[in-house]
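In this document, chain identifiers A, B, C, D and E correspond to the written order of the chains, with residue numbering beginning at 1 in each.
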Amino acid sequence: MSSGEVTAVTSAAGATAEVDTSAAGSVRIEHVTHRYGRGGEEFTAVGPVDLSVPAGEFLVLVGASGCGKSTLLRLIAGFERPTQGAVRVSGAEPRPGEAAGVVFQTPRLFPWRTVRGNIDLALRYAGVSRSRWPERRAELLARVGLEGTERRRVWEISGGQQQRVAIARALAAENPLLLLDEPFAALDALTRERLQEDVRRVTRRTGRTAVFVTHSADEAVFLGSRIVVLAKGPGTVALDLPISLPRDDVDAEELRGSREFTELRAQVSHAVKTAAAA
Amino acid sequence: MSSGEVTAVTSAAGATAEVDTSAAGSVRIEHVTHRYGRGGEEFTAVGPVDLSVPAGEFLVLVGASGCGKSTLLRLIAGFERPTQGAVRVSGAEPRPGEAAGVVFQTPRLFPWRTVRGNIDLALRYAGVSRSRWPERRAELLARVGLEGTERRRVWEISGGQQQRVAIARALAAENPLLLLDEPFAALDALTRERLQEDVRRVTRRTGRTAVFVTHSADEAVFLGSRIVVLAKGPGTVALDLPISLPRDDVDAEELRGSREFTELRAQVSHAVKTAAAA
Amino acid sequence: SSDSEAASSGGSKRLRIGYFAFPSGDLIVKNRKLLEKALPDHKISWIKFDSGASVNQAFLGKSLDIAALGSSPFARGVSGSSPIPYKVAWILDVAGENEALVARKSTGVTDVAGLRGRKIATPFASTSHYSLLAALEAAGLKPSDVQLIDLQPQPILAAWQRGDIDAAYVWLPTLDELRATGTQLTSSKEIGAAGKPTLDLAVVSDDLIARDPAAIDAWRTAEAEALRLLKSDPDGSVKAVAAELGISAADAAAQLKQGVFLTPEQVVSADWLGTEGSPGKLLTYVSDTAAFLAEQKQIDAVPSQDAVRRAFYSKGLSDVLR
Amino acid sequence: MRHVALPLGSLLLFLVLWQVLAASHTWSETLVPPPAKVWDAFVDVSTTHDGVRGYNGTTLVEHLGISLRRIAIGAGLGIVAGVVFGLFMGTVGWLRSLFEPWITFLRTLPPLAYFSLLIIWLGIDEEPKVTLLAVAAFPPVAVSTTTAVAAVPKSLVEAARALGASRWDTVRDVVVPSALPETLTGVRLAVGVAYSSLVAAELVNGLPGIGGMVKDAANYNNTPVVLVGIIAIGVSGLVIDGLLLRLERVVVPWRGRT
Amino acid sequence: MRHVALPLGSLLLFLVLWQVLAASHTWSETLVPPPAKVWDAFVDVSTTHDGVRGYNGTTLVEHLGISLRRIAIGAGLGIVAGVVFGLFMGTVGWLRSLFEPWITFLRTLPPLAYFSLLIIWLGIDEEPKVTLLAVAAFPPVAVSTTTAVAAVPKSLVEAARALGASRWDTVRDVVVPSALPETLTGVRLAVGVAYSSLVAAELVNGLPGIGGMVKDAANYNNTPVVLVGIIAIGVSGLVIDGLLLRLERVVVPWRGRT
């Protein structure tokens, strides 16, 4: 992954100029507006938004329900084209499946495949050679805590388990950019913390960029190297907050217990509520 | 609603004998086991569980992902029959749509109807006379903060908005029992707190029983008059905790800030993690 | 009027006539509205058919009062344990040069016997089929000595042009197209002369005989007049036929020329229908046809002479000569 | 744009090929008449010409109208019956066990085999024709509706039941709309099948009627008129299918969105 | 249990009614032959009898076998072509614009109207029969596959694309399985339509062949043999449909679970 060479810049709010915007995994959103619908019934969901995410950053998006977080993610993934402005991923127009691995807000599993089949498909698309599938599959299933459900049909597992299959699928490929839309919303605290740890470790180790949507201020502060709060109607950036908590060799419990953490959490909580209430 | 006459008993753990089990909205689960699948591939999801929920109680179910919370709710709603044991709702075998309003873990909206159409359908099934629909519809939409989206198609609203439509639909009927499966999982903090307040107020005012599944310890303590923690594999009761925080005339902020609340939350968090880790 | 009321309520004044769209007295009766003039109180509907099989079915379904019918379908109709409740009351025409057996020139076949082992197409269960079998028999061939193929006229033309078949027994207008590139081996005229004529008969339902014999008489009178017109007014007949068939006058004239039309006198004579009580030679023709069909396993058993005789309606037949 | 240009272009290409084939005289004119002859025939059967009105005293439009009426009644009956049977069979298990074999049996039956029975039972007027068309149109609708109803998402049925829907409510508000897309496909197929059964239905006493006209013309090797009839059948079928497709788009906007 | 008992019961009831009707002599024996006669005919055409082998020198099983072979080849070709066209038309917009009108046109065409064309082009042996069956089987599959493909859940296509699927991957892994249930319904309909076209296909030079046998017997008002043929066609159709239904259950376990 070439992003290893790029220095992870903790960008200051609005300081988008000095960033290397062609590095693999970097995202640049230039004055983007997105409108849904055509003709009489138009609805502006996002914009205008300017945002530059350097490679290696862990960006957390928070904001009220319906403020345009998923839309923004879909724009970055290349599933929607901006009505106005431009989106650049790794310096180019985003194309689905190219630079970004995606966890959608709903699991979107393939019902004609078992849990195992869903993961195998992801492995195939990721270009993993067939001989390494069993090993990789086992590893992915273990990471999301789904050992023993390989042969189940996707409607034979619980909602949280479905979401975890979706996460495992997205982790099968090693894209320079990860887009995660409330991936842990249906998980219990323990599983959630484990996966948070996992995601944080993986992105830091491989220098991958992540754009992560969540409703939990705790999660945002724990994961983000930068938090963007979206205001509603249509979604615009209300707060762009760099987080510089110590990350390496710190125990999660300890980090969460720290004063800085609590304060940041309160700040984010407050910002979200203010932005939503506006 | 006859449940108004029944005294809301804050039951002690295990103290199920003295409860009026035929009162409207009461739930009794007698040594229930539930197995999915047939033949070679059986999987025991729940049991054995004994649980008695007197009318008017706000029971919160917490537990690891996949521990059987949704299955238990489906048993109470009457969508599944227990493999062993018996389930009684208002003293009788549960039948879907009879005593209980349900919010499923996924929104399950009818795609052939608009947001408005989905709610109108619920109003019709609830037996609300057509002349009162506009008023009731507006009220429900306002409660979940969805004013202005009536004419949208269900795929034209965000994930959290879909979940809120599902909640509004379930609130259309005034059943003595409410079953809510992680209803607020996809909502931001502000919307979530508003709806928590709303649900708490409604159930207390009308004396309705609620069984509420959540992964949030905060939510559990804030809402529950009793918290049941399920252990995994198969789901059994690991902890049955009555909550006796002051509820009336208390500000939500204040309540959340109180020491008792923080302690209870920590206790529940710990219990869930212990149960899940086991 | 009270008459039309009776027609609509009782339906007794209704006359449903099935006809074939090839040159015959029927077309003239229809075109000149002879019957409508003779029976002004009747509601007359002309229904076009193109196979004897469906005429038989329509009689079974009581949907017809009078209809044209080939002699072989008629023979089939009156045989069996429950014959169709109809009787022959008129002869429309006798097959002549308008039905013939033709071989493709390129096969080099010049006589019927030369067809051994060849593919011959004909519409099964038709008069052509019967004539073909008769021709083969006369030439000393068993049906198994040739390959018989069941084809309707238009497919015959297509298969002929492709060279899929070597010979075909068929009627106009397809026959004319085949003659252009083929050699005629025999015709229904020759086969008829040899004692196995095929005819187009007209049958009336038992029901009509019981209900409205006067209408039958009027209809027969009209048919007799048409036969006379064919002889006395050839130009007018050609025009009527051309108009009914939607073809050119030249084509109509050519087709008319190839048919054999009896005079009313001949029809009534002992050579053909005969008179009440003493049926003419038609009785033998029909019996022979039935016997032949039975031999070919096309029907179960030969109807008794009596059964065939019972299927003749010649009451008042000779009145048409007046 | 493209939606119109492409088919028109291919039509043009087809006409050119046809003209070339006809001009090459590989086949006799009776078998492959040139386009111009077919056009003449079209004009002939559409107008009063030399005192003859259309074909057999009836113009093309009238032939077509009469046949369309038969299709409307026949296919209409078949479709309604198909939807009703499909709904019942898809929802009630024992009804399906009872009727499915009979329906399967019915839809394998060749119309040409049972048409004589229809004539014997129902006569030679409108009844056998309409019945044959109804019998032809029934199976596609019944089969697709049955399958679609049996495959209604359980989650949505449960959602309706949880809201207090009665069995009948569920059928009306969940089963019917959910099965609608496949039912509509069945209807489109049914109309097509009815069309293609038109000649069989009008084999006996089919004039006036476009199928009867085609068959009658075929008897006289009048290929131009046969082709005019075929084209008239095909084009009117295209129009109806276009309307059904449009209906589908309006009635089932949610397809593919779930 | 019920799955077998109910149809059998209704069959018995039907036989009894038939016997009663036949015995009442309301209809002539040509119209409604008693079951016993049909049974006799069945024995006759199944055995060598009075030196005659079956019907026209071929036993019933052989007639049926020959026709089933035609159906297998014809319907097989039609179904494969239908799936291929359906997939392409459902996925590629301009292909749909180009071909849909032609296919709609094709499926409204009465086989009886274009059969002579088939003979011109393909002769009178197996080719026109197989082609007619293929043409009959093609539309249901093509239409249902096209509609189903166009209605593939966008969410799942996106999920595959997000995982890095190529366009072709998406077709194979999402579009095909997602359209499979409707395609299978189309296949069931196609087999039925092919069956019901059997008599038309075997109108020309159709003996040996069960459709040819039925038509031949009908020409001679040999109703018992017609009924034997119809029953043989229907029963073999039932068996094939049963197999297809079972296939559907095995291949598409997720139907109704979403």
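Worth a mention:
By our rule, a residue touches a chain if its C-beta (ideal position, glycine included) is under 8 Å from a C-beta of that chain, and two chains touch if they have at least 3 such contacts.
Composition by chain, UniProt nomenclature: A, B = ABC transporter ATP-binding protein; D, E = ABC transporter permease.
For clarity, every value in this text was computed on a predicted model and none was experimentally measured.
Following the contact convention of this document, D is the list of chains adjacent to both subunit C and subunit E (ABC transporter permease).
For this structure, the chains sharing the highest number of C-beta contacts are D-E. At the far end from subunit A, in terms of centres built from Cα atoms, lies C.
Taking each chain's centre as the mean of its C-alpha atoms, subunit D (ABC transporter permease) lies 17 Å from subunit E (ABC transporter permease). Per-chain CA centroids place subunit C at a distance of 36 Å from subunit D (ABC transporter permease). Computed from the mean C-alpha positions, the centre of subunit B lies at a distance of 52 Å from the centre of subunit D (ABC transporter permease).
Counting partners per residue, subunit B has 106 as the residues that reach two or more other chains.
Residue positions of subunit C with contacts to 2 or more other chains are 53, 60, 154, 157-158, 161.
Contacts with at least two other chains are made by residues 27, 31, 116, 120, 155, 203, 215, 218, 257-258 of subunit D (ABC transporter permease). You'll find the chains touch as A-B, A-E, B-D, C-D, C-E, D-E. Subunit B contributes residues 77, 79, 96-98, 100-102, 104, 106, 108-112, 121-122, 125-127, 153-155, 169-170, 172-173 to its touches with subunit D (ABC transporter permease) in the complex.
On subunit D (ABC transporter permease), the positions that touch subunit E (ABC transporter permease) within their shared complex are 2-3, 6-7, 10, 27, 31-32, 93-94, 97-98, 100-102, 104-114, 116-117, 120, 136, 139-140, 143-144, 147, 150-155, 181-182, 185, 188-189, 192-193, 195-200, 203, 211, 214-215, 218, 226, 229-230, 233-238, 241, 248, 255-258. Residue ranges on subunit C touching subunit E (ABC transporter permease), taken from their complex, read 53, 56, 60, 76-77, 80-82, 84, 121, 124-125, 149-152, 154-155, 157-159, 161-162, 164-165, 297-299. Across the complex, subunit C is touched by residues 27-28, 30-31, 52, 55-56, 116, 119-125, 203-205, 207, 215-216, 218-222 of subunit D (ABC transporter permease). The touching residues of subunit A, counted against subunit B in their complex, run 36-37, 41, 43, 62-66, 70, 105-106, 151, 156-161, 164, 182, 185-192, 215-217, 269, 272-273, 276-277.
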